[in-house]
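Per-chain residue numbering starts at 1, and chain names A, B, C, D, E and F are given in the order in which the chains are listed.
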């Protein structure tokens, strides 16, 4: 069956990564995956959270939010509700874990990098776009620390990117848009490194359970997608990684 | 004395109004005033707040927020704090009053228009940009209601735009950027209609009191600025207002 | 047209300022403007807020609240709602700015003066009464610091008082009571010093825009009212200011 | 040992009950017990809380608060903290129970009486003064309902008043002021009817346990105090109760 | 009249105290009084609350909560509501006062003991069971401090236990179950020491006032109940108190 | 390498499921997995949440909480903090999804089943124990609805159970205790049906990425564990499922 936007089942949406999107943050990126648009900003704070005081390492923390106007039906602001929703907390914990896994926190030193992912327009895959774009903003911020002589080299273990996969209309598909996501029988987010290893997988079959075969097929699709996204990250970060000499 | 960005004292920053900036809202605008960038979105809800039930009129309500990455020092999310700051509440009440004043709420009928003003990048004048941009997004949403046959004509009394003025380095200046704003001795926000009338003026001399002469000079500057902004709104809304036939 | 309480358009309501109204606070005042009654108390704290630590200056901060029984319809307590309303925050920010403008914060030294304005009975003009009465309570507290040898002279730049003006039934009127306020076409609060200078002006024409002429007339009325109020403050503070020798 | 204010151990402080203290509430009282001053206001709402819907009876509910300036050290507003303290909740529950016990809720009909007790100045015994004063305000509000032909007679079972007693410097004393209260070894609040019956007793010996003898002595003192307070209530309510004809 | 569970009016329900119920806390007890089941845990924190810093004494603080599934109708979690109910706060303040009264806080040293009382199943008397069981958990925790050489002897002034009494169907009864409690005309909680002294009494006649005679009868019943409960505590704590040599 | 508790790598801890653990809920279970103890209670509410009104189906919702005394270091109550932590929200969303997947919501009819999972003692695997035990409590509640003639047959699609697996000391292990969990390099939760299908998998390698091989091994271990847990559920539910005749 043909996808609503004409893509093949194993095809990503068009990905655009615009670096230095904002004026104030140390690193900032607009990532677009089809109609999904997320501003990812990285800001450095020269201290660590209380639980890490004196531990001789840094920290990466992420926050995620959707503009009220980013969705079809207006989304009530969490500041008006007075509390952060479960879904939001789950997503920002996920982004934080994913980005932390890519960084050597000891080499980062006693500082925190705040990654703010603000969804300007939502069309499925906002959390995976946040990870993929957040990684680039984070590298930009880390690179700035090198320029400011605060770091000697990038404290990066590997690239990290993420993509969603799912089973829609009985077909395994890569990078679901909102329409597909909301009718998916299985929905999975896959976060991987450039070394073909997993950082995190989260797969849910709320509508129906899924078999080992389906799982294998989705993992394969996800791997393909993440490897392509990492290529996009590399070409966006061009001058920083052109010889990959900073990478361990 | 020359302004940091080379402008004359009575000169606005470069203003850009991009309509249909987002996919989902009924009306949406990106307004840029120099480095200040605000997304203004208008979404229609087919009901009124409880206090207006059965009153045979509509309502306009505004919300305002700054992205954590929009400012030089990262701004803590109000959703994390669990409450909306006084400054934010003051601003969204101001935007709401200003936009409501432009609309014939009886003609609007029993519906609410939500105006979301989200500051992507802040460099002074975010509240006045929100009003100027919010007006355009609101007109776009109202125009959509005409296209959907829910309204017969635009329930608009007049145009509304806003600008800041202030006394900086002993000189009265129009449209302060952040640097000027933070060193201003007097700071005033002026909201006016296209008929040279005031909707609201708010002037504060926290650092030092101000004289009637200073007030007159600032009001004059503000009037000049607002009239230019309304021209920008008119040309942005071109096809809707080209003959101004919808306007009463 | 005759006003509901028989006053002339440029006439204040009867003003009474009772000093030392409460036993515990350093300074305390009951201010009555017609049926509006506000307790203004000033309490000194020998430290400054975090953002001023080490800045070698003091701070003035204000809080405002209405008793549930102060209004015609019972007002729900903000402590029960669990949050402070926008209107309240706006008012307490206004009072704080106004009173700070009257004080030389460097001379005050590293201490905070808390001004609590609690409305016992509301009949219009509670925020302006809070400023006018709060100023007297603050001077009393500062004078106490002189008696306690903590200050050498009053760190006061000028007197500050405030009044509301508005257009009701097509007439510009001074010091609106609740009935007038709720039917005013334009509503303006004017805060001035004893040197005929403005500290802050806030004018709103939510119901209808207003012209420069109307603005001028209202500013003139407001000036007249504030000057009379400052006379009331001076006679209430009699022994402190009888020779005005403490004033710079 | 002589009490700090020269009273005998079984002597109340001077009690003043001023009716119609405020303009807006249906009933309102300023009660003063020595330096303790509480405004008690009663406002009628023509509906009952959800849990009583359709139960054919009314409800009495009380709220209690202290002004920040009512105490020696400024008391932080509960609205600023964002929550109502345990002590406050305990007190308002106590006041509510005490006043409800005096009313025939079936005869009251499906309406709620809100009793707001706002402490203007605190010098010990604020919760008992709230009950004693709140009763008078409540009767005034009920009487107003008779005048408005909404009730035929006062739905009052009995008078209710309250007083504190305690053991201070090894002596049982009536109506403790703050100084005594804070050094009391045993502290007890006694709420009684005009028929010498108990509504509630709460006695705590946090510093030291107390014997049955001490308990007896305190109950006796409390009874004496409450009977005198009820006399004060009766003379304050004069015209309503002069023949006690409305009382069942 | 026979009680629903066949007990005599002066008979306690079956009491079971299981020590060391949990693995992690320093002291922990499951106390069962008929169908009422409460887990009482005592955990030691080697610091005191801010208001006691440097005061050379320790602190006991209690928290109380009911599982949503502990009651007949599911009880909404207070964490979901976002605030702790008045009833809960009142109860935890009561438990704290009662347990503090039993401890010599100076001898305890600068540490805090947290007593958590979590109701697993509720059938009346949960607050009194919390006190009775909490005392045993607290002694276990204190005894652990002796074993760890942090204390030399138990800093215990006396035993403390609590029981409810009430008038149901015109009869004074001991240890009310939920059914009795909800139809009681008078309800009283009595907290006493092993020396027949009162720590706290709280008696309420919300439905009807009560006489001195009724009060006497209830106090007598309560005393009988508490003395039996203290025997249960002593036999549960057997090895610690067998010679009562640690007690002062 | 030998596990701290002597188990083989593919061995579950001792599992005990005690049905009818509490008196009030429709269904209730104490599930113990080694030292982890969770009370799972199911309570039926005869209405659905607002978003399902009129949708002709039921709903399953879960809440999860840990007693303060359930962990080694006392856990601050979420009700005291005034908000539910991200971790808690994530877990209760997970439990809810898992249990909903097992139920035919249309057949359930317009009612909600609340599943409360309260951790009495924590030693790793509390969320998976909550799912495994919650399923049994839910079936008990559904069975009660059959007995009350509200349902004709169990609206159950399949059994659901969950287990954690992880790589500890370079070895893939089943059912991690707390000590293992906190030193695991990879941590995965696996939720499956009795038909060997996946409901949800969540695997995280925060400390280090993991390979496809490791993933396969962990999935295999998890499958073994879940199948054994489902056997435990079946024997616990004995009389209900002895012929599995109610199952579709």
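The criterion applied here is as follows: a contact is a pair of C-beta atoms (placed from the backbone, for glycine too) under 8 Å apart; a residue touches a chain by one contact, two chains touch by 3 or more.
Chain identities (UniProt): A, B, C, D, E, F = Ribonuclease PH.
From a predicted model like this one, the values you see are computed outputs, not experimental measurements.
With steps allowed only between chains in touch, the distance from subunit D (Ribonuclease PH) over to subunit F (Ribonuclease PH) comes to 2. Centroid analysis (C-alpha atoms only) places C farthest from subunit F (Ribonuclease PH). Note: centroid distance subunit C (Ribonuclease PH) to subunit E (Ribonuclease PH), computed from Cα atoms, is 52 Å.
Centres computed as Cα averages put subunit C (Ribonuclease PH) at a distance of 34 Å from subunit D (Ribonuclease PH). Chain centres here are Cα means. That of subunit B (Ribonuclease PH) falls 29 Å from that of subunit C (Ribonuclease PH). Those residues of subunit B (Ribonuclease PH) in touch with two or more other chains are numbered 82-84. Contact residues on subunit E (Ribonuclease PH) toward subunit F (Ribonuclease PH) in their complex (touch as defined above): 22-25, 28, 35, 39, 41, 43, 45, 63, 65, 67-72, 74, 77-84, 88, 114, 116, 118, 120-123.
Residue ranges of subunit D (Ribonuclease PH) in contact with subunit E (Ribonuclease PH), taken from their complex: 83-87, 89-90, 92-93, 97, 100-101, 158, 192-193, 195-212, 215, 219.
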